[in-house]
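Structures incoming, each one as structure tokens.
Each of the next two complexes has chain A plus one other chain: chain B in the first, chain C in the second.
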Partner chain A sequence: MQNAKDTFYITLRTRLAAVNPARNITLRSVSRPGILVQDAEAPMIRPLLDAFALSWTGLQADLQLPAILAEMTCEIQYSTAGTAANAGLDRGRALEELDYEVLKLLYPYSAQKMNYTQNPAAAMETMVFWSEPEFGPIVSERDCLSRTAKVTVFAFQDQGES
Partner chain B sequence: MSTSALTPLRALPPVGRTVRAYFAPVDRVHRLPTLFDPSVNGQFSLDAPPAPWIDLGWIENFVRKSTSKFGGLVTGCPSTTQYQVRETVDASVSFRFKAWSKLSMALAAGSQHMNLIVPAAGGAANGSGSKGVAPVNLAAGSTATFLALAASDAATFAAGGLVTVDVDYTAQTGFVGSGVYAAYVSSTTAVNSDPDYIRRVSFNVARVASVSDGANPGLQLAQPLIAGVPAPGMRVQPICGFVDREGGSFFQEWSALFVIPGEQGERILFHYPRLQAVSGASESTTPLVPPLERIALGAAFRALPVTDSNDGEQVVCFRSFLPSFATLV
Partner chain C sequence: MADLSTQIPCDAARRVAAALLHANGGTTACLQMPPLTGDISNAGQIGVDAPGYQSLPLSPAVFRKSRVTLEEGQLPRYELLVSADAVAAQVSELQLSSAQCLFMMAAGVVIAGKLFRILAFTASETQGQAYLYRLLLQEAAGEWPM
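And now, the complex of A and B:
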């Protein structure tokens, strides 16, 4: 299942670099596309603004198929306070831009599963595929607007995959 | 010397999760189904059924019905039923295959199930596939999992491709197909004397795992051929998928075994020596997360009779129960 999670994240990160090259974050002195996996970063008191944070929550598995079908819930959280140049008055527009990017990142709704523990990464036998996003309500806190989009990611377990 | 005493349990209700399906071919020419003997193989490993049974995995919506009819012999005034007779013996079974494969599709469709041979250039379009590329000959040394070919022929295939392996159609009539009788040819004109016809309907198909050249050129298969070691005269053609049709005059016939493993180690087995489809191709869906749906193959069969050699009775199904350890019976 970790290969599927890695594939989903890398796919979205690659797509984000193409959809909006300007959306970058700097973490540990490295500038990179503005998307991260929460369980792979140091805990943060407040979310990074204007970036996408993935967190894996639910997990189900169908064991009665020729290969195990894992069904994992990924929550994509993002927040914005708008831009300083506009005194944050554009935070609604900024959130809409993030919403739109989520749609662009997720389509097409599948990717070749890769094993990123190898270098170079190796293509596996099956595809990772996912649902369309289910957008939660806007949450307004102080000067920030936030939203969580929930996606269900599916992956068949490849032979020999741990 | 004595053994430790068993502490028996009262008979418990079986608790099972789902049903596993196994199928085996019927020898249509000699009318011989594949018989499953629960006294010999009842506790077989579910992942490794005894030959020639083929594991088709867990199935769902398993429903079996007895449709036998009973009549009463009524006498007297006022009339009362004095005896009962079985007027008909009939049974049906239906379920859904979770996984799509050559076998599950063919079983569910019930009639000829065709391989989509990679088409030759310029062939006329046809719903079940047009004229295919030329087959290649097998060389000596082929096995059920390796097809020995001339190096130049092997080079025309690629790892990951699909192949059908069977003999040319040379005016045979009757049941055709290696390993499994896949169709019935009534006349050469019915199949246009197509030399590829048997490979088109054959169950002797596999996926290519790798292509080897050099000293031992050929195709390493990812799965064994259902007909085993290729017979002389068999040839190989690439295929790209499968097709079945609503219609067709041929009825496939299979022996079937359904197993419900109980949580306490008991096992319930349903053996249908002869099943023929009573419905055409159909699918149904199970929602995952909208709009994603898992698509299953619907299958429904009628059970046909065999004679039980223990007492000469005509029966259509055997239900066996292997109790769990230590329960009273």
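And now, the complex of A and C:
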């Protein structure tokens, strides 16, 4: 299941670099596309604005199939306070841009499962695929707008995969 | 209307704060900072590679339990008072823009071999200059020795 989670994150990160190369973050001294896995980073005092944070919540396994099918819920959280040039009055527009990027990042809804613990990464036998996003309501806190989009990610366990 | 009164800045508040921190048990707290050259590999972003945090000492500092009403199951919270001189030295050493940047980059604080997470921070200022930083900390759930 970890390989599926890693594949999902790195697929979205690669697509973000193509969809909006300007959306970057600097985290742990590395400048990278503005997406991160929350459980692979130190807890943050405040969420990073204008970036996507993935957190893995639900998990179900279908054991009735020849291979175990894992069904995992990924929450994509993002927040914005708009831009300095517009004194934050464009925060609604900035959130809409993030919403649109979520749609672009998720399509197509599948990727070849990879093992990123090896260097170079090795392709595995199955695919990872996921649902369309379910957008939650906008949460407004002070001058910041946030939203969470839920995606269900499916992956078969490969032979010998832990 | 602008305040045009004469205010001669001096470091008295900073020196007093540092002396008080020394006198009240002045300990050393170590910020856990990411290395200056980060890990650009995929493994570095998915929790496979060790982050290689560096310890950045801040002294004098005073560590105490904060006066927060505890609820069942909640970890206790602590306060760390740090001399602004110590913070300014590290901000300058790392060539950062501000103390806020330093605390935002830190993954935690190690005090007496235990890791604490930073929940919030604030600065006490006089004449527009910080003389003391106050960090609100919570014990990290993983109780590994550092």
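As a working rule, the second predicted complex is superposed on the first by the 162 of 162 C-alpha atoms of A that agree within 3 Å, B and C clash if a C-alpha of one lies under 4 Å from a C-alpha of the other, contacts with A are read in each partner's own complex, and residues count from 1 in each chain.
Convention: a residue touches a chain if its C-beta (ideal position, glycine included) is under 8 Å from a C-beta of that chain, and two chains touch if they have at least 3 such contacts.
Fair warning: this is a prediction, and the values are worked out from it, not measured in the lab.
S.K.: When the two structures are superposed on chain A, do chain B and chain C clash or fit side by side?
M.R.: Fit.
S.K.: For the overlaid complexes, name the partner, chain B or chain C, with more touching residues on chain A.
M.R.: C
S.K.: Which partner does A:43 contact after superposing on A: first (chain B), second (chain C), both, neither?
M.R.: In the superposition, A:43 touches chain C alone.
S.K.: Angle chain B-chain A-chain C between C-alpha centres, in steps of 10 degrees?
M.R.: 140
S.K.: Quick check for you: in the superposed arrangement, does A:28 touch first (chain B), second (chain C), both or neither?
M.R.: So A:28 only meets chain C here.
S.K.: Pick one for A:119: touches chain B only (first), chain C only (second), both, or neither.
M.R.: second
S.K.: Taking the superposition on A as described, I'd like to know which of chain B and chain C A:57 touches: first, second, both or neither.
M.R.: Touch partners of A:57: none, neither chain B nor chain C.
S.K.: Let me test your reading of the model: by the given contact rule, A:10 touches which partner, first (chain B), second (chain C), both or neither?
M.R.: A:10: touches chain C, not chain B.
S.K.: Just the number, please: smallest Cα separation between chain B and chain C in the overlaid arrangement, in Å.
M.R.: So the smallest C-alpha to C-alpha spacing between these two chains is 26 Å.
S.K.: Flag every residue of chain A that touches chain B in the complex, lowest number first.
M.R.: Touching chain B from chain A are residues 64-66, 71, 129, 131-132, 152, 154.
S.K.: Under the touch definition given earlier, write down the residues of chain A that touch chain C in their complex.
M.R.: Listed in rising order, the residues of chain A that touch chain C are 5-6, 9-10, 13, 27-30, 32, 36-37, 39-40, 42-43, 45, 116-117, 119, 121.
S.K.: How about chain C: which of its residues touch chain A in the complex?
M.R.: 32, 34-48, 51, 103-104, 107-108, 117-121
S.K.: Within the complex, which stretch of chain B touches chain A?
M.R.: Those residues of chain B that touch chain A are 17-18, 57-58, 60, 98-99, 288-292.
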